[in-house]
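Both complexes below contain subunit A, partnered by subunit B and then by subunit C.
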Partner chain A sequence: MIERAASSTESRRSKWSVKDFFLSKKVVPYVFVSPFIISFLLLFLYPLISGVVMSFQTILPGQTTFIGMSNYERIFNPTFFKALSNTTVYVILTTVILTILPMVLATMLNSKFVRFSNIFRASLFIPALTSTIVAGVVFRLMFGESESSLANTVVGFFGVEPLEWKFGAATGMFLMVLLCTWKWLGVNILYFMAGLANVPKELYEAAEMDGAGILNKFRHITLPMLKPITVYVVTITIIAGFRMYEESYVFWPEGSPGNIGLTIVGYIYQQGFRMNDLGFGAAIGVVLMLIIFIISILQLSLSGALKKGE
Partner chain B sequence: MLARDRLLTTIVTAAIALIAILALFPLFSLMLSSLRPSSELMRNGITLSVPFDQLNLNNYTYIFTEAGNYWSWYMNSIMISAATIILCLFFSSMVGYALAVYDFKGNRFIFILVLLILMVPFEILMLPLYQLMIGLQMIDTYLAVILPMMVAPIAVFFFRQYASGLPKDLMESARMDGCTEYGIFFRIMAPLMLPSFAAMAILQGLSSWNNFLWPLVVLRSNTMFTLPVGLATLLTPYGNNYDILIAGSVMTILPVVILFLFFQRYFIEGLTVGGVKG
Partner chain C sequence: MKKTSLYTMLFSMLLVLLAACGGGSGGGGGGSENSEGADKTEVIGSDSKDATELTFWTFQELHINLFEDAVTRWNEEFPDRPIKLKAEAYPYDNMHNNLLLALQSGKGAPDIADIELGRFPNYLQGEPQLLPMNEYVEPVRDEFIESRFDIYSKDGQNYGLPTHVGATVVFYNKEIMDKAGVDIDSIETWDDYVAAGKQVVEKTDAVMTTLETGDYWSYWPLIKQQGSDFFDENGKLTLANETNVKTLEFMHGLIHDEKIAEITPGGTHHEEEYYGFMNDGGAASVIMPMWYMGRFTDYMEDLKGKMVIRPMPKWTEDGNRSAGAGGTGTVVTNQTEHPDLAKEFLAYAKLSEEGNLALWEIMGFDPPRWTVWENPAIKEDNKYYQYFGTDIFDTLLSIKDEIDSIHITEKNPLVQEQLSTNVFNNVLRGESQSPEEALKEAEAAINSN
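And then the complex of A and B:
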């Protein structure tokens, strides 16, 4: 088999050198990683640079002019600050809820005090399979304005007057946070359960011998042992929060009243695509990138990852 | 002590069960709503009391007989997801594998680039990428949707982790037998990486199936839309399309949930990739 291969290549000597090049030990790894290098250059580095360049331009079909900093001077307007504050509130709420709730639920699911834990784990995971748009369809219908809508019936039990959910700032934010929590709770539970699986059982046994109660064990063993996974979950939730758009789009496809649902990515979309102001949209993108960059650095230094050189 | 444990078990199980029911409730109501007359659903929304006497399959009859572009969207979603899975797995596994098994100049640098891309949100690159797609004349094509997903950093990361656990002596002996490096990957190592392919196929397939913003940006004509983009066009305040919207939503989720019931393990592995530190 080898001999045959060798003789056939010898007979086609002209092609042999090219083939030899691609088969050489030195070149092979680069052939393997070439798809990444190409996609990095074309679909990451190039757009990244051209995004920064675009942010200094006005872009009209067939006519691009450099306008210096004026896109950035325009950014700091009330609409942008509305988008920024909406996004920040959303990030804070989702991060707190999607860290504490899954941590507690994972601890419960992991304890010996729960039956059918596999079924519950799977049921809690299923929302993560749905598209936010589809899920939003249901949430829109459940949180309708009519007196008989499900949500208004439920708040009615507590003596609250029917609410116009999609038309108030607080209830609008509630809808977006609820949709996000519903979708990602099960995934974050799995992260924490993976973290809990790494906690040595002996620690709990030793604590039990010292007479530690459930809450004490949670505070002094579970919490510190879950620190790495908590840092990870907080990081991905914050970054996902700053990227949020769909949760807002599905409630207000045509834009929200008083911009109660406007997010930073929503503002990029609105300015870049709806208003066709690509340069201004790119400038908002650069600002968003800076925000995420600062948060990532903070995160890494807080978790001590930078010191270890990871 | 034992009685206390039993009480605790009842309380904890009941609490979790309640939350699990709340998690499944929206999907359950979606299914139930798809059986309600769309005009009635439009008027009342989802209510606590269900009009059982009015339930019927009319929305489904409608969607299977004359549903506008719904089945085009379905077809587009299937094609785009399938192409994304195949291309992304092919390219990402090659890259991840090479980063794991070969010691070459730039290996570490490339890995750092992978982690860097992982941290930069796609939305930031969206406008310049859109410009690029216009330049490449790819607007309103499948390729525009697929191209940015072709090499996924998260998949490269995962394949790298997985491949570094593979036995290296297998590679050595294959080399002795005269197998080329490509042969080693495609015939020996890739089959060993099969479980990781399953997890990544599910992750990439699911994110492609549910992807919204990028297809919304690059697809123009209604017949080219994917399911989420198409369904979103039906979110009008007038609700004149509720029949397609609701039944169509059920049909969008159903295949995914069915796959989940069969391949739970790979779904869980695929969707929690980042948490696996190693």
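And then the complex of A and C:
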């Protein structure tokens, strides 16, 4: 009896040993986190380290040499500052627009006074599924400089002369922000709607009892209750803004007039690939990483997200 | 059973995740969403098992036609060494970046590739990862416009085989010129050209010409014509020299003082906006290299039979009437497994007389082997003759000795970038800088890089 049991366990063990190994409580957690760990090591940590190393080199086929800090010494030139100021303006504009607008829209969509809110919700989300490049091509045609382009027809209706949209600093920035807003508005609305779903109805009812109007309810209930979502949306919008590249590339694939559309990532691309200066590109990348890191930490600590509990 | 499938699922998910990420990061460096995959892939040539497969990358899908023709002829001529060519066309930026990274990392490059002149210097930096073609170039060097080899060379090694001469000409819209009462053949100097332009603006709705701000084809040929360039023969930057400043002042004058020229709609002569503008008779002429012919036939169909090609106006009595501009060098990379075959085939495709005739017949390019310009076969009717009239090669032959070589250095991509982003926009469009200021500033920026 015992013998039989033992032999059967043994046979089961030999049959399932691999499975048993993965099922043991010590191994399973590692198996579950391994996709993240492996992708993190291969796709983030390794490129990060090699990028930092590259930023101290000139990289040419067969002639890769360490050149100390000289890539970094070249960074702070007028073109870099132009890229930095473009990016900063873009980040500020997109962050403000893409936080306030979706918050207001989400609140409106969530209220019982808006009919067909599901249709609005879906149609606002659809742009997020489009590729920026494809959408950008359409935008480029809409904002052509001829009198008959869609945008110029619209502004002409208000008595404005046809504009050269892609060639002015202000209009160029407008195009990039518009494209970004058009694309990400729906996603941010989704975030805020999810946040709104967690706001207890009782709070509103209580406020109504006390005679609070719509604005007061928004200011004193909705806004504070949405704070965690707002912090999240602001953070990802800032980071995405600093990493922005496609919105600029699609309007000016070969470089923008007077660098009005040059972003930091665009500058990395231009120097690293177009000018075959990978070391310099890597150095700009390291600087960009530091900028994003500092701003994120600042923003998170100012909004109190880094505090442990309340 | 359940658990096994769970694990299968888990691991396959992991694999998919890794594969997806790997694919994404290898897919183009720039990360633009349209960069995945080729615009056009074509497998040309023999299906037989002993056919050697070669891959070819290009940034211009029209160039595939040329190689299609060459492979067909090769396989007929050398049935014992058949070739199967896998030709892939990618977007300009994408192909150049991928090729650069492939050569840099030593993996993934094709056997043969097209490299555009504006980017070619990047591939000559360090130790070129390309194979020298000198053994094939040497025997025919005299029959070619030699400067076309020089621009793809380093330390006496010729790496790229030229695709065309790029002789710059003026494409006139005869209909508009006739309406204005200007005899095109009477335009000999730039003063004549300006005078004709005034007549055009006065008597028609069109402007005389358009000038690019997003590229340098309205500028480079003009300074080259006068013997100037961005660099001198020793590779020293001469961007802000007197001739270049004066030429830019002249361009500024055409737009803002004489008012006979406009800034090109869309910024360059390769934009949809411009094609539409020109096709509708917006400008009486355009100054571009010969290879621009194909854009007329493909994108501006309404102008068929109305355009004629003439040499550029001269700056001085005995000045040059043309200049070579642009180019594509086709190379064999050092990663090919069949170096001898690839080199021999490339030479066959681009150095032979037949190959050069094909450059004209198929592509509408002015072949770099000038001896074929006199070949009777080149007179055979094709779509370019039908579009532009039959005197194209008479024009070319008359300016053959007036096409100066351009000087290419490692810093050419920087010059192009400075001109097309800052200089032309600030001077011609925004008028925020004088030509001299803008060029000096660009020169300083290039030198400090």
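Quick notes on this one:
To be clear about the criterion, the second predicted complex is superposed on the first by the 267 of 310 C-alpha atoms of A that agree within 3 Å, B and C clash if a C-alpha of one lies under 4 Å from a C-alpha of the other, contacts with A are read in each partner's own complex, and residues count from 1 in each chain.
As a convention for this text, a contact is a pair of C-beta atoms (placed from the backbone, for glycine too) under 8 Å apart; a residue touches a chain by one contact, two chains touch by 3 or more.
Please read these numbers as outputs of a predicted model, since none were measured by experiment.
On the superposed subunit A, the positions of subunit B and subunit C overlap enough to count as a clash.
Touch criterion met: A:Arg115 reaches subunit B, while subunit C stays clear of it. In the superposition on chain A, A:Ile126 makes contact with subunit B only, while subunit C stays out of contact range.
Applying the stated contact rule after C-alpha superposition, one finds that A:Gln63 touches subunit C and leaves subunit B untouched. Contacts of A:Thr153 after superposition on the shared chain: subunit B is touched, whereas subunit C is not.
Shared-chain residue A:Val234: touches no atom of subunit B or subunit C.
Counting residues of subunit A touched by each partner, subunit B versus subunit C, the larger count belongs to B. Of the two partner chains placed around the shared chain by superposition, subunit C is the only one that A:Asn259 touches, whereas subunit B remains out of contact.
Of the two partner chains, neither subunit B nor subunit C is touched by A:Met225.
By the touch criterion defined above, A:Thr79 lies against subunit C but remains apart from subunit B after alignment on the C-alpha atoms of chain A. By the touch criterion defined above, A:Ser50 reaches subunit B but does not reach subunit C. Comparing the two interfaces of subunit A, the one with subunit B and the one with subunit C have residues 23, 31, 35, 39, 42-43, 47, 59, 131-134, 141, 144, 146, 245-246, 249, 253, 269, 272-273, 278 in common.
Partner subunit C is touched in their complex by these residues of subunit A: 19, 22-23, 31, 34-35, 38-39, 42-43, 47, 59-63, 74, 77-79, 131-134, 141, 144-146, 166-167, 245-246, 249, 253-259, 262, 269-270, 272-276, 278.
Within the complex, the subunit C residues that touch subunit A are 3-4, 7, 10, 13-14, 17-18, 21, 25, 29-34, 93, 96-97, 100-101, 103-104, 119, 122, 125-129, 213-215, 265-267, 272-273, 276-277, 413-414, 417, 420-422, 424-426, 429-430, 445, 448-449.
Every residue of subunit A that touches subunit B in the complex is listed here, in rising order: 1-2, 5, 23, 25-26, 28-33, 35-37, 39-40, 42-44, 46-48, 50-51, 54, 59, 105, 108-109, 111-117, 119-120, 122-142, 144, 146, 148-150, 153-154, 182, 185-187, 190-191, 194-195, 228-229, 232-233, 236, 239, 242-243, 245-246, 249-250, 253, 265, 268-269, 272-273, 278, 281-282, 285-286, 288-289, 292, 296.
Of all the residues in subunit B, the ones that touch subunit A in their complex are 5, 8-9, 12-13, 15-17, 19-21, 23-24, 26-27, 29-30, 33, 41, 43-48, 91-92, 94-95, 97-99, 102, 104, 107, 110, 113-114, 117, 119-132, 147-148, 150-151, 156, 178, 180-182, 185, 206, 209-210, 212-213, 217, 227-228, 231-232, 235, 245-246, 249, 252-253, 256-257, 260, 264, 267-268, 271-272, 274-277.
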